[in-house]
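As structure tokens, here come the structures.
Both complexes below contain subunit A, partnered by subunit B and then by subunit C.
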Partner chain A sequence: MHKNKNNGHTEVSIFFPETVAKIRSCLIRAKRRIVTRKTIPYLLYFPAFIATVGILYPFGRSVVLSFYEYNPTYGPAYFIGVQNYIDLFQGVTSPSFWLSLRVTLIYAFANISIQLILGLGIALLLVRTFAGYRIVRAVVLFPFMIPPIIEAMMWKLMYEPVTGIINYIGSFLGIPRIGWLGDAAWALPSVIVIDVHNFTPFVAIILLAGLQSLPKRPFEAAQVDGASSWFILRNLTFPLLKPVLYVVLLFRFIESLIMFDMIYAATHGGPANATMSIHVNAYYHGMRWTMFGTSFAFLVILWAMVFSGSFFIIRAWRKSLEARMV
Partner chain B sequence: MSRNKKIFYTIAIVIVMIWTCFPIGWMVLTSLKSPTDVYAYPPKIIFKPILDNWLNVLLGQEWTGTAYITVHTDIPRYFMNSFLIACGATLIAFLLGLPAAYSLARYKFFGKENFAFTLLSFRFAPGLIVIFGIYQLYQRTGLFDTHFGVMAVHQLLLLPFVVWMMRSYIAAIPIDIERAARVDGYSWLGVFTKVTLPLLKPALAASAVIAFIYSWNEFLLGYVVTGPNARPMTPALLGFISYERVLWGQMAAAAVLGMLPSIVLSLFVQRYVVAGLSFGAVKG
Partner chain C sequence: MLRKRSLVSICLGLVLLMGFSLNGFAQEKKWLLPPEKANVDWTAYKGTTLTIGLNKHPYTESLRPLISQFEELTGIEVAYVILPEEEFFEKLLIDLSSGAGLFDIYMTSPMFEWRYQYAGWVEDLFPYYNNPKLTDKEWYNREDFFPLVLRANEWDGTIGGGMGEGRWNGIPVMVEFYVQAYREDLRKKWGLTVPQDYPEWYDVVTKADEQGGPDFFGIVERGIRSWSTVHSGYYTGFNSWGQKELTKDLYASIDTPEAIEFTKIWIKALQDAGVPGWPTYTWYDGMESYAAGRIYMYNDCDFFAATYENPAKSTIAGKSGYALPPAGPDGRIVSNLWTWALGMSALSRHKEAAWLFLQWATSYHSMIDATVKHNNFNPTRKSIWEHPDVANMVKNWGAYPGEYVETVNLMLTKYGDIRWTPNPDVTAVGDIWADALHEAYARQKTVEQALKSSSKGINRIMRKWRIALGIEK
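So, the complex of A and B:
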């Protein structure tokens, strides 16, 4: 300890200029030794890497636990191998699984096909620069910005059997009064309509950008040669748009298979399990009935479906990119 | 263009606009209806709008016929929760993701593409498969029902987005500019702060806004790891459906409030929306 340089003060200070200077030069030398040209990339992505590992750990744990019988209310987890999966396909939980698989596949297929077609149509409509096109493009995007759960609430309001606007309008068109979200036959189509309303703008805006990026000369040449609009659409627009279509397909494929928010908010799994997709079913098995082993098995299968499907879509996307490079 | 075609296009665009705006408009109208109007049959399109629902939801004031009394409302608190969580999650995503994006864009290193693809594959995963493990971890470490816990969980969505967006924008900056700054004597950090960051500002702003929207709209992760304390607004609105089935007016007001930030913010990033939505796969 040394006296402070200020005269008249009796306070003593542990830090004085020489040690501070030594610490500084030590740190600078350490920094120079750690932060070299070779180590900079690793240092930069290290925090994100830690976060990635942090996410992979619960994921891996869930996968591992899918091989256990894990039901906290009845006792500790014990290893049962692939029994959970066998149960899914032909055992105890099999009816529930096949039902969920059917619901999920119908939901995904319907959503993807409807949204791609409608989205392409809207994109073709909006690609022109008509009066007020900027406002229209901005407004068309709004439904996509709405959180899926709020979108579901919005449509629940309209789907109300007695006081809802849809049945009211339907009464003018001769459509009988249907329970929509409460009707086991109509619940899944109703939720699909909600999903279409929510996500078609996404498809439309991205396809619109894709349309705008297409080269103009092939289209001008085709028009000079007198090709019909339909011909241009089928043989010129569509093949050139394939890469963008695959990108959109990838996103919609993934998101419609793992969609939870909207289905759960709209029907909680549906009247008589009509809208019980795999993800919602896994939620019930896990969070409600604490059958975690089964729940994780559901989720691993869902994830495998998404992953393998994405693999094929990405491969087709890469191939279409090369084809365009001609 | 022939006149018939023009009419066709105009009608088609009008139909699309009605399809897009009608549900939103209907809910806004419902939020302005008194309880008798909400349950009127046939549904009323022309009615006397009242602000009671909004007063109840926002300020907790209920009109009892003679005066305003204060009733309990949770919505402002959930709104603040969502706001804090979204801001914090975006900040964390950029603190972690921006350096990672820079290293992915500029350098070659061991396990580079593996890391990039693993990060992207988080989007493929159903939320629940990750969230159960995190749920138990949070229960044990006390992060359950904390704002920070939700911010960390939202990284599952935001981090891949930020890294991939920033990666393509950083890669678009010619490296010669940075080399020139290096030659001029700047250290690595100086190059980053004085050259790269200013060039990235528009992309940074747009990505931050889109990340905020993603975090705001997120439901499942925020639902599982929170209790009443740190619950974001989207899971909180679910409570309206289960318990207050009768109060459509207030539910509508709360729902409009819940969608407002995302919609308003989307107007600011119109130019970057396409690149943002497709993770930079399609240039805006």
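So, the complex of A and C:
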């Protein structure tokens, strides 16, 4: 213990003051060396890097195991080369795979088209200011706050053919009772409606932000020149909004391709495989039948679809950014 | 003097005789005594925490209120996770296949134990049962279980057979068979018969559907894309036509002429008299729809009667009959069987403590409470099924007093059994088979085309077992 008498006051330090001062100055020097203009970006990226590595390990392991016959019920895993992939494309699993591919592409294409059109329409309406517009903007977001699985369960009750509200309202309009999620012809459109309801607000809000960030001068100039609304929309709004549209497209493309919980909660991939997407099919093979090698092969192909599609969308996004700057 | 000696000898003899009798009586009835009287050190694993995986099921509702008694008895803390059936099995599979070992004990059933046993995930219970330090066999009274349900939970690993031999994978806590639950009041009102075969069954349900109006339906069955859709009423009928899903060589046999003919009747009944949206119906949806009074007949679990006959849960209490399933073309009546059981995970780190829980939960003492106080049907112990309190609960269930008891007794002794071919991939076979029913129901394919298509998928799944057994190269 050390006492310092300084102007009649007594300071008492428990630790050795010289040591504390040395440690402090070391830390300050280290901070100055590490945290520099050059290193700040890497330091900020570091947590995301750890998360990426954490994801890459199970991903890499899944890719490796897709080349194995891996079924813990049957025995230890053993290498079979590309047999799982051959089975998917032209072998014993192929009818199931091609059906799932068709369902996945229809689901993704329908969702993206409808959500972009509806989302843009809502954004164009909400970009104006009117009485209560802030409240309306908040209310529009509500469906997006519901987790997909809860959304699916909620809609399942509404779609219930006998007691559900949709058929009940339809009965007043003379519409015959429809099986909806239990009807092979209607199941996929029904699940698409659920997805549209859940995610269109997300699209609308992103596009609204994009619209609000557009430069005002070109629009003012066009209005002064007497351009019609349609002309402004086609020749000004869309081109300037392209980068934001591509961002939204990227998000919805990825999520629509990999959607699982909403479909599985609503229909389990049925009826008659009408909603058996690649992800749901992979789930059946892995988590119900313990055929993990086949399941991973499904998922690697799904990943390849997501990766390649994202590559082209991001490239288009970069071009649109460059075009906008010009 | 002689008379006095004789009197003393007689008295001594009587006392000895009484003593032996009382001792014998006490030994015969030891299993009726509470757990504290068992020769088990219940507190040996005090301070342990056990985690139990439970399915959302009436048995779970009967077990939950009793758990605090076990905790008080043993000082072992019990945590549990309850999930709906499909999600429960998937969660359990994730836990077992990943090696996480979250669950020490889980609800299980023979069809799943066949997979878990092959994968090394389920613990054989015989070593614990045979360990005198852990088990009081006299108090536990394993012989009190119906042999049929014990047999269902024992398997020696033989693909295609071996039930009742080898390992003991689970302790049955309830058993169900598949009956015709129908509206007896409406049957009388509309002049319908109780179907004796499947063509008559089709006629009856379609007539009921016509009579009932737009929001009333002749029949409801399980329909989701799952083995469970095949398991209950459908497989019961399928097997009554002399059919099995696999041949002895493990090839699919769901597309024989008889199987096609039976499936046509089944699908046509669903199309013409079934609830719309049938492919989304779980057993729970079916039970609730019937209890809500919207359905004439449900070919499914007999024990749903506990819900149907409860005025708090049903609008049709006292109005149902419970008949044996219709017979096949040659008069054969059968029923598939399902038992929920409690099993022990091979990954558990507290196996001895887990065995104490299993022993306690499946003892007479716990299971009588589960049935009498909390409606766990059908009990798997003879003594409970025959208990006066239980007999009193079910005596009025059915079209006439005693019908339910008669039907279940016939199932236990004559008609009920597990009809599936024992193999680890039985649920995968069932999932693919359910596709055929969906495709035929949706008229995407004819019944024959749908069954043949699913046969290919089943043959693909079973190929590895045919190779393992040397049937195929």
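One rule holds in what follows: the second predicted complex is superposed on the first by the 274 of 326 C-alpha atoms of A that agree within 3 Å, B and C clash if a C-alpha of one lies under 4 Å from a C-alpha of the other, contacts with A are read in each partner's own complex, and residues count from 1 in each chain.
In this text, contacts are C-beta pairs under 8 Å (C-beta built on N, C-alpha and C of every residue); 3 or more make two chains touch, one makes a residue touch a chain.
Bear in mind that the values here come from a model prediction, so they are computed numbers and not experimental data.
Trainee: A:Leu141 in the overlay: touching subunit B, subunit C, both, or neither? Say first, second, both or neither.
Mentor: The first partner, subunit B, only.
Trainee: Based on the superposed arrangement, let me know which partner A:Tyr42 touches: subunit B (first), subunit C (second), both, or neither?
Mentor: In the superposed model, A:Tyr42 contacts subunit B only, not subunit C.
Trainee: Looking at subunit A, which partner touches more of its residues: subunit C or subunit B?
Mentor: Per-residue touch count on subunit A favours B.
Trainee: Output check: A:Val92 vs subunit B and subunit C. Expected answer is one of first, second, both, neither. What do you get?
Mentor: It touches subunit C, and subunit B stays clear.
Trainee: Using the touch definition from the top, say if A:Val162 reaches subunit B (first), subunit C (second), both or neither.
Mentor: A:Val162 contacts both subunit B and subunit C.
Trainee: State whether A:Pro271 touches subunit B only (first), subunit C only (second), both chains, or neither.
Mentor: Touch status of A:Pro271: second partner only.
Trainee: Does subunit B (first) or subunit C (second) touch A:Met287, or do both, or does neither?
Mentor: both
Trainee: Tell me which partner A:Tyr74 touches in the superposition: subunit B (first), subunit C (second), both or neither.
Mentor: Touch partner of A:Tyr74: subunit C, not subunit B.
Trainee: Now for A:Leu181: first (subunit B), second (subunit C), both, or neither, which partner does it touch?
Mentor: A:Leu181 sits against subunit C, while subunit B stays out of touch.
Trainee: Could you give the residue numbers on subunit A that contact subunit B in one complex and subunit C in the other?
Mentor: The overlap between the subunit B and subunit C interfaces on subunit A comprises residues 156, 162, 287, 292.
Trainee: Touching residues of subunit A toward subunit C in the complex: what are they?
Mentor: These residues of subunit A touch subunit C: 71-74, 92-93, 96, 156, 159-162, 177-185, 267-274, 284, 287-292.
Trainee: Within the complex, which stretch of subunit A touches subunit B?
Mentor: 35, 40-42, 44-45, 47-49, 51-52, 54-59, 61-63, 122, 125-126, 128, 130, 136-151, 153-158, 162-165, 168, 197, 201-202, 205-206, 208-210, 213, 244, 247-248, 251, 254, 258, 260-261, 265, 279, 282-283, 286-287, 292, 295-296, 299-300, 302-303, 306-307, 310
Trainee: Help me check something: in the complex, which residues belonging to subunit C touch subunit A?
Mentor: The contact residues of subunit C facing subunit A are 86, 89-90, 93-94, 97, 115, 118-119, 215, 217, 223-226, 275-281, 289, 294, 424-425, 427-428, 431, 434-435, 438-439, 441-442, 444, 456-457, 460-461, 464, 468.
Trainee: Quick check on the complex: what are the subunit B residues that touch subunit A?
Mentor: Those residues of subunit B that touch subunit A are 9, 12-13, 16-17, 19-21, 23-24, 26-27, 30, 38-43, 95-97, 99-100, 102-104, 106-109, 115, 118-119, 121-134, 137, 152, 155-156, 159, 163, 188, 213, 216-220, 224, 234-235, 237-238, 240-241, 248, 251-252, 255, 258-259, 262-263, 265-267, 270, 273-274, 277-278, 281-284.
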